[in-house]
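Chain IDs A, B, C and D follow the sequence of writing; residue 1 opens each chain.
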Amino acid sequence: MARRLAIGLAVLLVCLPFVGVVTHAAFSQTPVESTAGTTAGHEATKVDYWPLLFVFALSTFIGIGVVARVSRLLHTPLMSITNAISAIAVVGSILVTGSDFPRDIRILGAVALFASMTNIVSGFLITNRMLKLFKQEPKEAQHK
Amino acid sequence: MARRLAIGLAVLLVCLPFVGVVTHAAFSQTPVESTAGTTAGHEATKVDYWPLLFVFALSTFIGIGVVARVSRLLHTPLMSITNAISAIAVVGSILVTGSDFPRDIRILGAVALFASMTNIVSGFLITNRMLKLFKQEPKEAQHK
Amino acid sequence: MMTNIVQFAYLLASILFIFALHFMNHPRTARKGVMAGVLGMTLAVLATWAQPAVIHHWWIVFAILAGFAVGYPLSRVPLTAVPQRTALSHAFGGLAAGLVGTAKFYLWLRNEPEMLTHFRMIAIIAEIILGFLTLTGSLMAAGKLQEVKWIPQRPVTYPGQNIVNIGMLVVAVILGAMLIFNPTGAAVWMFPVIIFLSLLFGVMLVIPIGGADMPTVISILNSYAGLSAVAMGFVLDNKLLIVAGALDGSSGLILSIIMCKAMNRSFTNVLFGAFGQVQQAKAGGEQKVYKAETIEGAAQVMEQAQLVVIVPGYGMAVAQAQHRTRELADQLHKRGITVKYAIHPVAGRMPGHMNVLLAEADVPYSDLVEMDEINGDMPQCDVALVIGANDVVNPAARHDKTSPIYGMPIIDADKARTVFAIKRSKNPGFAGIDNELYFADKTFMLFGDAKQVVGDLAKELSGGSGMH
Amino acid sequence: MMTNIVQFAYLLASILFIFALHFMNHPRTARKGVMAGVLGMTLAVLATWAQPAVIHHWWIVFAILAGFAVGYPLSRVPLTAVPQRTALSHAFGGLAAGLVGTAKFYLWLRNEPEMLTHFRMIAIIAEIILGFLTLTGSLMAAGKLQEVKWIPQRPVTYPGQNIVNIGMLVVAVILGAMLIFNPTGAAVWMFPVIIFLSLLFGVMLVIPIGGADMPTVISILNSYAGLSAVAMGFVLDNKLLIVAGALDGSSGLILSIIMCKAMNRSFTNVLFGAFGQVQQAKAGGEQKVYKAETIEGAAQVMEQAQLVVIVPGYGMAVAQAQHRTRELADQLHKRGITVKYAIHPVAGRMPGHMNVLLAEADVPYSDLVEMDEINGDMPQCDVALVIGANDVVNPAARHDKTSPIYGMPIIDADKARTVFAIKRSKNPGFAGIDNELYFADKTFMLFGDAKQVVGDLAKELSGGSGMH
């Protein structure tokens, strides 16, 4: 159970930031003021993070619900499509690369953008390629 | 199809406010600034409504997903529990009733609070009462 | 600090509500669902109450106590009255939403008109229109289900009705739109007008709808109530309201879709179909003959059976015959006869109606078989005992294109070797049409009140020793 | 105005992503899912790009083109290399998240340190730790799956390993915590240290894990990648990132849970179990004898069969034998023999691995039967043909409490009348244990490369006329 303990710790540590967010949130003395913050362009100092936490919680529920019902046949394509979707980091990368920031920052952004773009392209293409393979014989097709 | 048309119109009209929100949102000239607005106590003039729209969209998905999998046996209890849950209007009512508002406003609030409280109490109690009725015979209990 | 704790509580509450509905997916876990719901609601109330802005605690206490005082009795109504109760509480829900919206509007109008942004105005208008039409609509529905004297059961129609109704709603919405663009101007008088129109629309919407369509109407109003809560959430910038409201809204929507499917009818037809008017044409079909049967006769036939399928309907609910039905089943069980209950999704007057009633009579839910499952076994069924069901076993739905219920999936009672049908009279069911099943050669009528007849059957089988 | 359109686009994109995953619930709709995903992603990219803040368009164009240049070839890899590719792209994902986090941190540090609120710092630290450990971890995983020379397949362990690893993570997190409370102070040097520790931890985490556990590791890293996207969303106050990230995170989580269940092992055991080391104790069991069989003999037996169940495993993947397998099945079909494929949830090296390979060989997915379904039919099965599967058909899992795979649900190949097992050698499978199935009386080994052997079988059945 030394192991159980170890893993417990590990998991906790990985979740810690999120735990942190919430607890910090719940007990920070600073009154929360918020911001449009919707374009990375002009962000005010403080952000009202509660809506974000709501969005996070809700979409996790959706994710679990939806993925749990994915056909077993398609678990490999599932992995590659979520792969492509998680490349949504592209949004952040574009903002960092394209905005009027110092060059070194933007280089980081450009690399990130390249990496995410690679995932998007390869992820969706290979998923599609795999799905094309799944056929159903006509006879089966009827009584479906 | 005069009817189809009629209903179409009706549905549209009912949804209109929501369509309204979104389209208005999408094309309003006013730059959006936002607000803590999290306690009805002190709200700034403008609210960043996008998080709210996200929350709405996401929870609708969850709702549909969850309800669609409710056991047919329990559709009546389902109706009464959603009933109780929709009495969440109690939150608004409390704020209107309890805050330091002119008396007439607070009277409206009090009535609302009374109404929602009625729903909460009767809704949960009757649901529980109905669910208590659903039994399963031991023998069935095994091969479940 | 405070804000954060409150928000945290709201987040937890939202999650608890989701679980509340999730747990309803099986009777075994369902009661956990109630617990989750109660917990979430308590959290929400306390968190809100705890806010510094809230100072008039006595007002709150009294309102809450009043709520308990009325709510508790409302939760003790007999199960046959559940549909009415549900409708009634939708009315309350609509009322609450409407009032809060109104209060907020006037409050801001007086003190901080700058708060009345386009966005909030849209939300407020939506909230009051939905809230108040739900109020009156649900009251009408409750009345029809309770069969109150002065509310006509049968649809009330007049030419151009739909146009008028839609017209009203259009006007309300147009006024609303105008208000949105200058809420504080001279147009303020429109606000009460909108309220009035919504109230009126609620009544007008339900009047032309037949009593047995009320369940569908109720669930539609259910989702309106949910949407009005969502709107309130937009007004108050409160995410919990939005989540809970959305859950409610989608549940109402899905239930009404399920019902419409089970009746093979469209929303249009339900809302504007004036369904359930007595069909004059068919009323003249008196040449057809019913074969009545005696209790004794029926009992003897049943004794010989191996598989008896009981098809309960609205009649069983009206007659409160569920307990007697269970007794009858027990008698048959004693004789080693298998008894199943065939549950049509829209049997009775609300979804799952029969399940609750039979569960009340201690029928294990494993004996309650859904329509699609049982229809497979009907050919092997020796006796189908139809207790106060009519439309849901009307074969016309299968072949008679002219019938108003054509295409509605039914329980194939007519496929059983013998059919016994219990009803009081020769009157049609809610769809207002004759049921050829009753005239079939294999069918024998047992006229009388369901409770009475079923009780007698049970007694007969128990050799006169059954209680009554 | 702009803001609103962007937000609107993001909302649509979020919804499209949800549908993308939803459509994956059946092969028939799955490709719609890809469309939805592509659409959503395009929307997101365009909306972001369109923002006025974005001015250096050429940079973006070049980065995107480079992405295409690398991404396209990566999408053409042979299907047997899909696991590696997936791992590799998780590495890219982690890299992107880490870099954006780093960029944002230094940007704010220089220009607007007041932006580095506690909340944002927490999010940034989470983003970089998760991002960078995903990067190196996935690279290691990819290496092990690709069986790169200088990355050991078998777990590398040393005493106190877990302590060291956890220790590293602890330090990283502690440093992070300190940074959070004064990001701008002298402690800034900690930031690169944290990055370094995360990178190191990623490597250390994966080194002690055996090659065949990589799929589980990959999906765990998958959810980390998702979570880091979520963290980025918090940093940038961007809801779309949060939604997409959360979807990704939960999918990774669920897949790893499914796999662990299918192997009856805990996360702990996978991450810290150093599973798949060669068991010395068992290595000495050479007295047991294999009965080899000739192609001709096997072919004759099969001709007599009515039901043949093919159990594919990792070996089929390695040998690329799926097409030959299909040809063999065709030959059997010709003779009116029913052929089914028994798919174990963790056969091969990633979830659904066998399904994709066989689908590639034009096997209709209606012939791919899940473990639980097929096990019912195994007793009626005349011939079970095990093609490069080992652990997933090892009966020890059912009864031998000492076996490392004890309790793992298996395909009951041993219940078939006759078993033919194709493998190259007497080596154990990934679990590193002998498989008593191979020593059973009813079992006959066909030693050799799967592609070769299956091909020969097909040829034999087609009377020597099969191509090769």
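Quick note on the criterion: a residue touches a chain if its C-beta (ideal position, glycine included) is under 8 Å from a C-beta of that chain, and two chains touch if they have at least 3 such contacts.
Treat the numbers as computed from the prediction; the structure is a model and nothing was measured.
Of the two chain pairs shown, A-C and B-C, the one joined by more C-beta contacts is B-C. In terms of the distance between Cα centroids, subunit A is separated most widely from C. If you average the Cα atoms of subunit A and of subunit C, the two centres end up 41 Å apart.
Per-chain CA centroids place subunit A at a distance of 18 Å from subunit D. Subunit B has its Cα centroid 28 Å from the Cα centroid of subunit A. In subunit A, the residues that touch at least two other chains are 25, 28, 31-32, 35-38, 50-52, 54-55, 58-59, 61-62, 66. Looking at subunit D, one finds that residues 3, 7, 14, 18, 239, 243 touch two or more other chains. A list of each chain pair in contact follows: A-B, A-C, A-D, B-C, B-D. The touching residues of subunit A, when paired with subunit B in their complex, are 31-38, 48, 50-52, 54-55, 58-59, 61-62, 65-66. Against subunit B, the residues of subunit D that register as touching in their complex are 1, 3-5, 7-8, 11, 14-15, 18, 239, 243. Within the complex formed with subunit C, the subunit B residues making contact are 2-4, 6-7, 9-11, 13-14, 16-18, 20-21, 24-25, 28, 35-43, 45-47, 49, 51-52, 55-56, 59-60, 62-64, 66-102, 105-106, 108-137, 140, 144. On the side of subunit B, the complex with subunit D involves touching residues 22, 25-29, 31-32, 50-51, 53-54, 57-58, 61.
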